[in-house]
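Below are two complexes that have chain A in common, paired first with chain B and then with chain C.
Entry: the complex of A and B
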C-alpha cells in the first residue's frame, strides 16, 4: 500500500514476462544434486546404483536368479565408460524409450510392491547424466529371449522429456537380458567406502542370491558369488493397512474402485479388513456403508479414518515384504566381518504413514573385522540398506543414522560407541520407502520408522550385552585364577614348613581347589551371581588334611 | 541365459503391463518428504517457508519494501489455518493458476538471478499439501494494484498437473499484494527452534529491510520490525563466468544464442570475456571462432572449455549478487545475540560448478546470548542461510555444516567447539544454490562451496583468536597483579623491618611499581610479547631507596 506509486517499482506484468515452463528433465538437469549427481565419486556410484537396482528389480519380478556384470573402464582424465549386463527379463521394444528416455514414465509406485527403484526417475537420470557430461547417447541392447535383440542409441530430448532415438537395430539372436553401455565425464573411480566397489560388495551382502562380476578400471576382476541358489520369489502387491491411512489416499482409492458399496470397497482394498471390522466402522460413522464408494465425500472419508483410529486391527501381513532373512544375514555377516559376536533380528511388520507396511532387519557384529578400519584404529560402522539396496551417502539426515545414535549403547556395555569395533547392519523394507530426496540415499524421519529401528537395535543390543558381560566375567575369572595360583605357590611353601608336609603336594591340592572353585563359580555365574574373592577358609582346608 | 526356460519366470511383456506414466504432482504426492513435508512440525515450517520466500522474492524483484503478515490459527487437533499477506507486486490473473496450481510452470532458473525460490515447485507444493491433508482448495487473493482484485479457490488436478479453479471472483478495490488462506491437517505448531516462529525470526535477521508481523495460534503477536529502510535493489541477471563452465551448458547456450560468430557469442554470453581472452581462446582451439555458434559440435565446445581452463580470468563481478552486508549482519547479530565479541565477513565472489557465481557471508558471535541455550548449559549454534532464507532442517548433509565442523577451532582458542557459547552465521548467496533436494534445506557438498565457507570461517576465527587471547592475557594480568599485591604486602613488612623504614610507605611504593609494571606489560603485549613474572631486581629497587 505504501510505496505503491514509487517510481522504481516494477509492475507484476513485467515480472511475469520471464516466466517459463520447464520439463521434469530440465528441472533435474539444473538440479542434478537431487538425483545424487554431486561430487565426482558419488556421481559414479549413483550411476552404478541406478543400473544395478533396475536389474535386480527386474530379475526379482521375473523370478530370475540374477547375474550381473559391471565393468568400469577409464577412457581419460575423469572420463569413464561403464558396461552393465544382466540376465534379466529384458525390455520389450516399445518400452525401451520410456525406461531410459523419459522421467516418470515407468513409475511403479501405484502397485504397492517392494522394489528397490520406486520413483521412475533413476535410470533415465543415468541417460541424462551421460549426455550432459559427454554429449553422447547411451547404448541399450536388450532382448526378452524370444530370438530378437534390439540395440538402440538414445538420448533425452530435455525440453520435451521424451527419448530421442538415434539408432535402432534389430537382429536375431537367442539371448535374454539387458546391456547398457554409457560414457561419463567429470567422475572419478576410487576404492573408497563410498565408491562403486563398496556399493557392489554391500549389494552382494544384502542379496545373497545375486552373482556380481566386477572389472575395475585397472582390469582387476572381483566375483561376488551367490551363497544362496534360491530363485527369488517375485514381489506381490500388498494391500494398504487401515492404520495410518490418510483421507486423501482413501478418497482416491474409493474413486478408483469398482465396488458397488463402500463396505465391499473396504473389504477388497485393505488388508485385515474383515466383516467384523467393517461392522465396527459402520457403528462409528453417520452414513450407510452401502453407499457408492465413488460418491464418498471428504467428510465421510474422515469419519471412516476416525473410526479406524478407534478400532483394533491385526498387524499387517508380511507376505508382501521380502526380508533378507536372519539366516542369510548371519551368513553374510560371518562371511564378511568374521566377528567374535553377532546377532541378527527381523522385526514383525508395522505400518508407517499412509498405511504402508514396512519391516526392519538388523544385525550387530562385534570384534573380529567388525567396524571401520581407519588406519590407527577401528571406528563404529553403520551399514544402511533400503529394500536391500545399500545407502552410502547422506547418512547425516537418515532415519537409520538417527535411530542408531539415539540408542544408549552404554546400557549394553559399549562405553565408547563411536570408536567400538562394531558393525551395525540395518535394512528397511517396505512397499514405499519415504526417501528424503530423489537421490534415494536417505530415509526421512518418520516416527514409526524411527521407533522400530530403535527397538530392533535395542533388542540386538541386549543380546550383545549378555554375551559381553559373560566375556568380561570370563576374563575376570581368568585374572583371579592367575592371582590365586601365584598366591598359592607362596602360601604352599609357608604351609609346608608349618605343617611339615610336602610343599609340592600342598601346591597341587591348592591348584585343584582353585580350579574347582572357579568351575563352581561358572555355575553360579549362570545364575547371575556376582563373583567374590574365594573365602580364606576354603584355602585353609588343605591345612587340616 | 541359464534359467531361461524355468516355468515360474514371468515374461517381460507381462511385467511391463503394469507400467504407468505419472505427473510430477503425482510424484510429489507420493514422495512428499522430497518437498520437506515430513514430520508435523517440519511440514508447517515448510508451508511458511515456501509462502514467505515467494513474497520476499516478488517484493525484491519489484523493488518494494516488504511487509508480511503471517497468522497461524488452530482449528482443531493437528489442524491449522494459515493466512499470509504481503504487499508485493501481486500476480496477474492469467499467471495465478500456474503459480499455485502447476509445478515447474513458473521456473526462474533460466534467468540466472539471485532468488530464494528457484525451482518452480515450492508454492504449488503448498497447494498440494493443503489439499491432500484437508481435501480443500487454497484461497488466493491478489491484485497488481490497478484497481481490480481477484479472489480464487484452487486445487491441483494431480494427474494433469494443472490448476483446478473452483471459484474466481473479480472486484474493484485499490490494493496491491497477495493473500493466501489455506488449511492443513496432520501438522503441529511449536515454538521449537525448527518451528515457524524461529523461521520468521531468522528471516528477519537475514533480511533487515523486511517487516514481519506474526500471530501465533495462541493469539500472541510478534512484530519483527525492519532495521533498514532501504528499498532492496532488484536482482539483476548475472552472466555465467567462463571458469567452471560445463560443455553441456556451453552447447545449450550456443544453440540458443543469436550471435553470428562464436567469438561474439562468447563475448556476449559470459562475464569477464574480453577480446583479449577470446583471442587467447582462439590460440588454443583448432577451429575458427568466426563460425556459427549454432553449429558448434560437442568436441569443439570441449576445446573451448579446455582453453578456458588454461587461461586466467578476472573473478566474477559481484553486481548480480546481493549479500546482506557486513554492517547489516553486525547490527542484526548485536541486536539478537548481544555477544561479547563478534566479527563479520563477506568474501569475494567465486564460481561453483557450471560457472555459477556465489558469495559467502559469515559472522561469529561469542559470549553474551550467543550459542544455543539447552537448559543446563549452552551449545554451539550454527545459523544456516541460502540466499537469505533460513535453513532449519537437514543440517547433517549440508555443505555449511560440513565446512563448519572441518575447521580446527582449537587453533583459534576454542577447545570444546560443540559446547562453546558461540553462534556462527553463514549465508550462501548465488544465482543457483545447488540444493540436495527439492525441499531446499541442505546445500550439496560442492568442493568450491566447501572451500569458500571454510576459508570465511577461518578468517573470522582468526579475528576471534586475537580478541580471545587478549581477553585471556588480560585475565592473566589481573591474576598476576593480585598475586604481586598479596606478595608485596608481606614483603613490605619484611623490608620495613630490615631497612627500618615505614611499612605502609614501602607497600605504597611497591603498589606503584606493580601498577607501572603491569601497564608497561600492556604495551609490550601489543607487540605480541609473552608475559613473564616480574624480575626480582625490579622489586629490590625500593630497598635501595
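Entry: the complex of A and C
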C-alpha cells in the first residue's frame, strides 16, 4: 500500500520535471489563454495586473504605503512600452531571477493565505510574454533602499526555466523600490471597460491605501490618490476549516500528514477542531480514530465528512482574511466614484466548499459618477474583485455576475436595472479563491459563495431602497410645489375677485401654505383620503350641453 | 332666485376658501358626487336622483389644483356676469377665461370640455341653475308643429315655419304656450329623420309637435319636452335608432342623466315611450338586409346599460338581450329601404295606433 503511493508520487514528480525542463514555452503557448494572455487588450491588462499585484502584495507584507506609477507608451502599431515603478521593499539580488525568470516558482500556492497573486505564475509570465512577442529582455531596476541599486536585463531560459541575466549593473543610489521596463507586441491599448485604465481605477477603489499615477499612450495623466493612510495588516496563513471539506481532499491531507493517529491529524490539520469536536466525531464514526491517518479508506473518510456535517463548529477564524473594511470602501467609493448615495457592507466570514474561509464585501453607489458612461447615457456597472484585485474579463461565468443578476432589483426601487446610474462593488476575499481558470478572471459558481454575495447585495439593496424612496418623495414634493405655484397666481386673482379680498395677501399666504403643507406632507397625506374625482368618462357618456 | 342672492352665494364660496387660506388650512370646496355611486333610481317616479355623497376638492391635491383654479375662474366670471346682468354662452365663457398662465406655456383652459363640467360642479355645489349664473348653452334641437309659442311678446306659430322649424334655445323658461292643436309630441333622435318627416308633413297629417334632439338632448330640449308634457298634458313619444346609444338618449329624456341628476325633476319626462326602432321591427317589417353588425363598443355598451337600475324593466332587458343575440343594430333611416314615405305613412302611424311601444 505504502509502496503503491510512493510509486504514484514519484510518477507525478517525473511528469512535473519533464514539463519544467522541456516544454515551458509549449506550456505557455498552450496555456496563454488560461494565463490571461489572449486577445490584444486582455494581454496588456494582464501585464499591468501581474506587475501591480506583485507590487501591492510586496508593499503590504513590508508594511509600506504603496505608491505606483504606470506609464504606457506607444512605440508602433500594436507595440507598446510599459514602465511600472513602485516604492515597495525592493527585491534582494539573489531573488530577482526566481521572481522574474522562473515560472511556477511561487510559494503562495501552498500557503493557506489570502494574497492577490495566488498561483506563482505571476510576473515571470510578463517576462516570457515580452520575450516571445519582441525577442527582447525586460529591464528591472530594484533596490532595498540601502544605497545600492541593481539594474538588470533578463530573459527566461526556457529550457532550464531559470532567469538568463544579460546585464547586471550595480550602482549607488539612495532609493527604494522596483522599476520594470518592458516592451510588448501584438497588444492594444483602449480606454474600454476591460483596459488598463479601468483596471487601475478599480484597483484604486479596492485598495484605498494605494496611490496610483497613470500616464496613457496619449500622455494623459490620471492620479488615483489614496483615501486611507493605513497599510492593511498583512494576512496570516490559517488552517482549513472542517466544514465544506471534500472526501478526496481529506484523504490526500491524511496521507501527507505525519501524525500517528487520525485524532491528532484532525486536531493539527484543521482549525476549530477541539478535543471535544474530535470526541463528537468519534461518536459518529464506526472506526477508532486512533488508527493511522495514512491508512484511512475512502469510506472512512466519508464517515468523517458526514460526521462533520452533523456537528457544529465555531466559524472559521478570520485572521487569514483581510477585508478592505466598510469604512475604507466607503472612503474609496466617495473618493473615486463620487456618488449621490453609497452603502457598503462586509459580511461575516463563511466557508465555501473546500473548507476555505471567505468573506464578501459589497458596496452600492448610485448617481454622481456611478455607472458606466456610454455616449449619451449611463449603464449599470458591476465591479468584480477577488482579494481586492479587479476582475475585468470572463464576467459571464462568474459567481459575482450571477449573484448580482439573481437579485430582483425592482424590489429595491430600481426599475430599469441595466440602465441605472449604479455601480455595484463586490469583493470576494479568501485564502483560496475558487477561480474557474488559471486566468483568474472569473470565480466559480460555488453555492455558498453565490448565496453570500446575493445576501450581501440584498442587504445594501435594502439600504439603497430607503434612501431612494426618500429621494423620490423629495422629488415628488418639489414637483408638487411647482405645480401648485404655477396655478397660484391665476387662482389668487380669481379668488380675490370672487371674495372681494386683497389679491397679494391671498397669494402670499397661499405660497406659505404650499411650502408648509407640501414639505410636511409625508406618509400620512399619501395614505390619507384620496379625494373623490368625478370620472370624466362618466360625464362624457351622459352629458351633452 | 334674485340676482343679489346669486352674487352673495358666489361671494360666500370665495370667502370660505379665502378663510381657509388665511387660517393656513388647505383651500377646499365640497361638491355632491356626480357619479353612478351617488345616483339612485326612483322607480316609482321613474327618475334619477342625486344622493347625498359629497366629494372634497382640495387645491393642494395636485390632481385637483388645475380644476380648482378653473372652478374659481368660472365662479369669478359668473359673479361678474350676474352683477352686470349679462348672459354668456358657455362657449363665450370658455373664451373669456382662456389665457396663458403667466410664466408657462400652459393655458387656463385647453378645451371647452374642461370648463363645461365645472359649470355643473358650480351649479350643484351652490344649488343654483345654470341660467341663474347667467350662462346658456348653444342652441341645439328643432321644433315644428301645431302650437303657437309666445317668446318675449312675439307669437310664433310653429306650424308655419316652412321646412326649417324653430331652433330650440338653451333656456325655454320664458316660453308661453298658446293654441295647442296637437295630440302628442314626437321626439326624434336624428336631424335627417326629422327632415324626412317634415317633408312628408307628418306633423300636419298626424296632429303632433315634432322635436328633433340631434343626438343627445340638450337641457333646453329636455326642459321643453318636459313642459309640453306636464303643462299641456300631451303624451310624449320618442323615435331613435335601434342601438344602445339611441336607447340611452331615450333614457336620459325619460329619467334624466347621471351628470344632471340634480335636475331630473325639471328635465325628465317619465311618461315618454319609445316607438322605435326596436329589434322586433326587423322581423315585423322585413328589415333583415338593412341592419348593421354590432361593433365591440356597441356590445360593451349593451352590457353597461343592462347594469343601470333604470334599464331593469322586463321589456328593456328583453330588448337588449335580443339585440345582443341578433348581433345587429338598426338605424331609423333604414326604413327608407321600403320607400321614403314608408316611415311617415305606415311605420309610425301604425305602431302608434297599435301602441306598440316600449316603456
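Here are a few things to note about the model shown:
The definition used in the following text is that the second predicted complex is superposed on the first by the 402 of 545 C-alpha atoms of A that agree within 3 Å, B and C clash if a C-alpha of one lies under 4 Å from a C-alpha of the other, contacts with A are read in each partner's own complex, and residues count from 1 in each chain.
Convention: contacts are C-beta pairs under 8 Å (C-beta built on N, C-alpha and C of every residue); 3 or more make two chains touch, one makes a residue touch a chain.
Owing to the predicted nature of the structure, the values given are computational and were not obtained by experimental measurement.
Of the two partner chains placed by the overlay, only chain C lies in contact with A:510; chain B stays clear of it.
Within the superposed three-chain model, A:489 lies in touch with chain C and out of touch with chain B [touch as defined at top].
In the superposition on chain A, A:500 makes contact with chain C only, not with chain B.
When both complexes are overlaid on chain A, the residue A:91 reaches chain B alone and has no touch with chain C.
Once chain A of one complex is fitted onto chain A of the other, the partner contacts of A:480 are limited to chain C, with no touch recorded for chain B.
Taking chain A as the reference chain, the count of touched residues is higher for B when chain B and chain C are set side by side. No residue of chain A touches both chain B in one complex and chain C in the other. Residue ranges on chain A touching chain C, taken from their complex, read 479-480, 483-484, 486-487, 489-491, 494-495, 497-501, 506, 509-510, 512-514, 516-518, 521, 529, 531-536, 538-545.
Chain B contributes residues 1-4, 6, 8-13, 15-16, 18-24, 26-27, 29-31, 33-34, 38-39, 58, 61-65, 67, 87, 89-92, 95, 98, 102, 104-111, 119-121, 131-136, 144-145, 175-177, 185-186, 231, 234, 246-248, 251, 298, 301, 394-397, 401, 432, 434-439, 442, 444-447 to its touches with chain A in the complex. Note for the complex: chain C touches chain A at residues 10-11, 13-15, 17-18, 21-22, 24-27, 33-36, 53, 55-66, 68-69, 72-73, 75-76, 79-80, 90, 101-104, 106, 108, 113, 116-117, 120-121, 137, 215-219, 248, 252, 257-260.
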